[in-house]
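These notes concern the structure reproduced below.
In order of appearance the chains are A, B, C and D, and numbering begins at 1 in each one.
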């Protein structure tokens, strides 16, 4: 197996570099009969798009083109290929980077692995977060398919630096966070997040953060013991995202400090079915979904590219030197990272739902197509509740 | 793909249930010419074996039999199959479990997934930690092969409940933790760990903990962007272990609270090569090993099986009831879990080293065989420094 | 991926060598709830078993033991492991082989690949046809599952040496060929086959042959363009069998000599559905099953082990020499090969039926379990019509 | 796994339909440092390009664009994506096909599998041989890498209809067949092939044929028992090609009619190494390459699209009717098929050479890059010996 593909039944292969002509994704395993438009994909891409407040100033419209697998508005069962052109590329900003690997960046490890002379140093090349365009585009298809079985995903920025969203907020508010410029689900912390990011921009520094994603409506029984447990595939999915350095689900690391009598969740009757009282397990027990909300968290390190000068080594002279990373960078990659985590979780869930035959692998019936379309409409509507009144 | 296999170039398939006749593993992709004995495997198995202090009282000698792939003391390139018989099985302890799913356990999710009537409820069946015997057996082969390129792994219990090992201790002390009954690398916390586990046993309760594994000597350049990054495959490997609920590498979740200027690690010249000053990144940048120590942590939840009564539902009557889990259980699965995390990390590293052609995929030369054998001897010796004087 | 596994959704991993303690298979992806017994597996194994007339005289009872994945007579969803002990091993017959690689055999290529010093030369080691025990054992499970969707497989020896079965015979007669000592479907050629094999035994020579397998009842729509076409996966399955040197389906190579106007099959209405008039395409068009009988043929070369002396080279002296292969060998591997081709075809079909969600991937309902059991009973009965009257 | 990808270490994913905007391929696993240009790819594509004599009249320049994985003329280790625009699309020719499935074509099986309403009927959609553009483009990279270890591939049309090339001709003549309009290696049969194809064009009929591909210089030891044998992976590769209905290697089906004493090849000393006297085994024994020429043959059925009216069923009325297939079709797909078989064989060989670490998986040294470039130059030169004098 090679490293650019992910998933078994629903399989994506991403390609393209930050400063190449385009980035894209081939999505194989999409059943025939799913209604799909470039608008659907664009909707999802808009939440990881640069060129907005508090994120990189690179001006990319991120207009997706579907170049295969679609016929008269429906998928055909053939691989769906989606490409997005790179329009606003300023490679000149990277001439210094070629010889001064940036601390915290993949520059030097790419040089180690692939050789200095083969390294596409422009804009981080393949290691750039721009590669995640393909993941989010594929995520749109995944989410549409998940609608079929009643699954909806919401993500938000759980914490930024030392600030954490500990208040109460609903699943609907998480959905609405899409339209928050700092991806906050909680209006109260939104202002603090904005404050912190402004400070980072002024100081030429950056902050880490934690993204949380909830999947609601996941049927019990997903996950393939013993290696393709749901938690294992989610962990891989999330850790494959640039800048992610940690993963947990449910109470996660907190459970490691607890006693069994506190940590075990009681099995109870709940709306006529069996359920868990507190969902400390984040929807997964024994690596298999248990019918409760799936709750995962991804720890993002601070953006590596900062203006504050840092020590590094000049590869020409092998002398120590410093670099101040210019270019157009996010004060916290975690903000746009939320959309990527959401997509990766969606990819894992649709893959497992197809592996367990809960979503058809070959084709949708006409009725299923309608359900998928209707659920997608409702999802967009729910998200758009987050639009500020002036924008609506 | 099906869920019982792991790895691409070095691929393991585990089989067997807790109360079936045997558990085992098929290891495919072992190059020919590796010297291997059942003793080698037994050495590693001895550190996850039950029947010792502070772990489950189930009496299993865990004697491994190699039934294929070995000829005159060397691997042949054919799949190596290792089986371990289940000798001390007391299924009668589980008659209550059949109808009263244990909170925190996979009982109910297995019933959801596979159907009540097909569920092997005895001893947790396939969900039992006994399945990890195969992983640790395969880990022995992985570690032997890693010796070829100078990689050594050490693991220890970083924290137990609220107690954390924050003191200073060497890599050698971590290796020696193998002979600590509570897997402590730090003599000072060892007593506190023991205390806590005794308390748990008395109270019929259990504790969570965090295992840390360090891989030393990993060459720079391992990891396949963008999905098979080293961090992604490690995360999947670690989360596939029963009871693990979180993963991080390097500073992990702490990085999410930091600023870029703190979190970025300076690139420096170090013993004639390029390196990182503080290794905050835990040996991996851009998903690729950077030549520094690889440092991963796994959060284990407390053992789910506790004597303290807990609420559950009787599957026959669908009435709420309570269960007090008898059977022979570890007061903290994290203790024996360290050996499993170590093995999973070794499996990922050997797989990536083979995928990058650093370890031969087909056969070892005679010289390589000698190096592997010599490095293994040294590894065992280093571990055995941890034997208490009376045992030596 | 490593070479000892086959299949995606229904995945087998074989292990063991000809003269090791056992051979076996791990079958992963078997849905829970399938009734299964060791008798079921034994039934299929009996048709590839040595120790009968016209096949190798090695005396193996081939009693299968199911050591995992089965609980109270039903599969649990966990991997099913089946082992068969090697009882009648006479390694002394192979001392000459160690230094004199047998023409036509894998001896020398194994030495090339894995190294002389790591080569298990006894009985062909891993290259021995004994490895196919695992395939046939797994094939029994596959066939049982295929019963669920009404698929039955029959195989027979289409030709032996220059003798070809060109007469008319029914699907039922093909099924009955299981009890023919030369695997003939046609009573008229049976005697000629026997004659030829007797001659081969006397002369110390061997013959090639062609096995044909028909799968009846395969639903239309199986196969995944463009690489996992049904014909492509069947070809791989069949060519992975020892001694197979050619594959074709439908009219196969004959089509290459024909004109389009002869070769194209007319689409017609047939029992209320769309069908093909002559099935020249062997049930597969565009790589996808079309609802007609699937017809595949495998060309077996003559058994390589013959008593007639042949030229080879002594690996010690590098001088040319001769070898007369003793040991107990089949006068034509094609006879027992039929059972292996059948099993490989069954494995491909069940894999594709599961990938297309026609057979459940996770668990069978009680009703499905009953159907599978009933169909299996009928299949055995149909085969047993081939038992000679005295044996019945 | 999904059906649009092929290969393990060197993995291609093709996408695009006959009448979509483009067809293409993502090639993952290309080591960094390989010199590569669009000219290299175009050279290979030119031998499967339509719009020439004796092949489809569709006018496609087939200009390849490399949109990822290339930087300053060298591969970077990132996936290499190659796209070819579809320029000469006349979908109106297919309005009849929508309701009248063509005999011998995938029309009806695609409808069965994916549903009538989701079927892209234009030009065969995904089932069109146009999909093979991506395979041949990837084949160019594969062949360049194979140059590194001294492997060269030559293919030619072994037979067309009843006419067979049984004369003697050299490997060099096979290479030169690239410039024969009927892909003949033998000047004597070239005229007969041309005659036959002219006849087919006039009569509105078509012919089948057999393509033979020879790989020279393949090192001994390639192939992974027991399922990923070289012969098995070659068979899958070849059978995945549209219109291929049979595969054999070495003497193939002829061996099934022979005796062991004839069929076994003698092991002899040959230029200082061990070899086989007659290479009846086509370079593969026990599924592993033995150092001799690898010889494979693919049986192509006649082009299904013929002008002669054939019976089919109208999907609207379910009444039987006839169709005369217009459009621009090859009188024998086998002619252009040779280039595709060559590419598929190259893909399998490079994949296995990388899996066995004979070709680097991560990066080439500067010296290796030079060797690959030089070998490629020689290969083109050798092929161009086949250019007629007037063209040179």
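Everything below uses one rule, namely that a contact is a pair of C-beta atoms (placed from the backbone, for glycine too) under 8 Å apart; a residue touches a chain by one contact, two chains touch by 3 or more.
A quick note: this is a predicted structure, and the numbers were derived from the prediction, not measured.
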{"item": "Any chain in contact with chain B as well as chain D", "value": "A, C"}
{"item": "Centroid comparison with chain B (C-alpha atoms), farthest chain", "value": "D"}
{"item": "Inter-chain centre distance, chain C versus chain D - centres from mean C-alpha coordinates, in Å", "value": "29"}
{"item": "Centroid distance [mean C-alpha coordinates] between chain D and chain A, Å", "value": "39"}
{"item": "Between chain C and chain A, distance of the C-alpha-averaged centres to the nearest whole Å", "value": "46"}
{"item": "Two or more partner chains touched - positions in chain C", "value": "1-5, 8-9, 14, 78, 113, 126, 221, 225, 362"}
{"item": "Interfacial residue positions of chain D with respect to chain C in the complex", "value": "1-6, 8, 14, 101, 103-110, 112-113, 126-127, 131, 159, 161-162, 200, 205-210, 220-229, 231-240, 242, 244-253, 255-269, 274, 276-277, 281-282, 285-291, 299-306, 308, 310-313, 318, 320, 334"}
{"item": "List of chain A residues in touch with chain C within their complex", "value": "1, 8-9, 78, 221, 225, 355-357, 360-362"}
{"item": "Residues of chain A that touch chain D when the two form their complex", "value": "1-5, 8-11, 13-17, 20-24, 26, 28-29, 32-33, 67-69, 71, 74-79, 81, 113-115, 117-120, 125-126, 362-363, 366"}
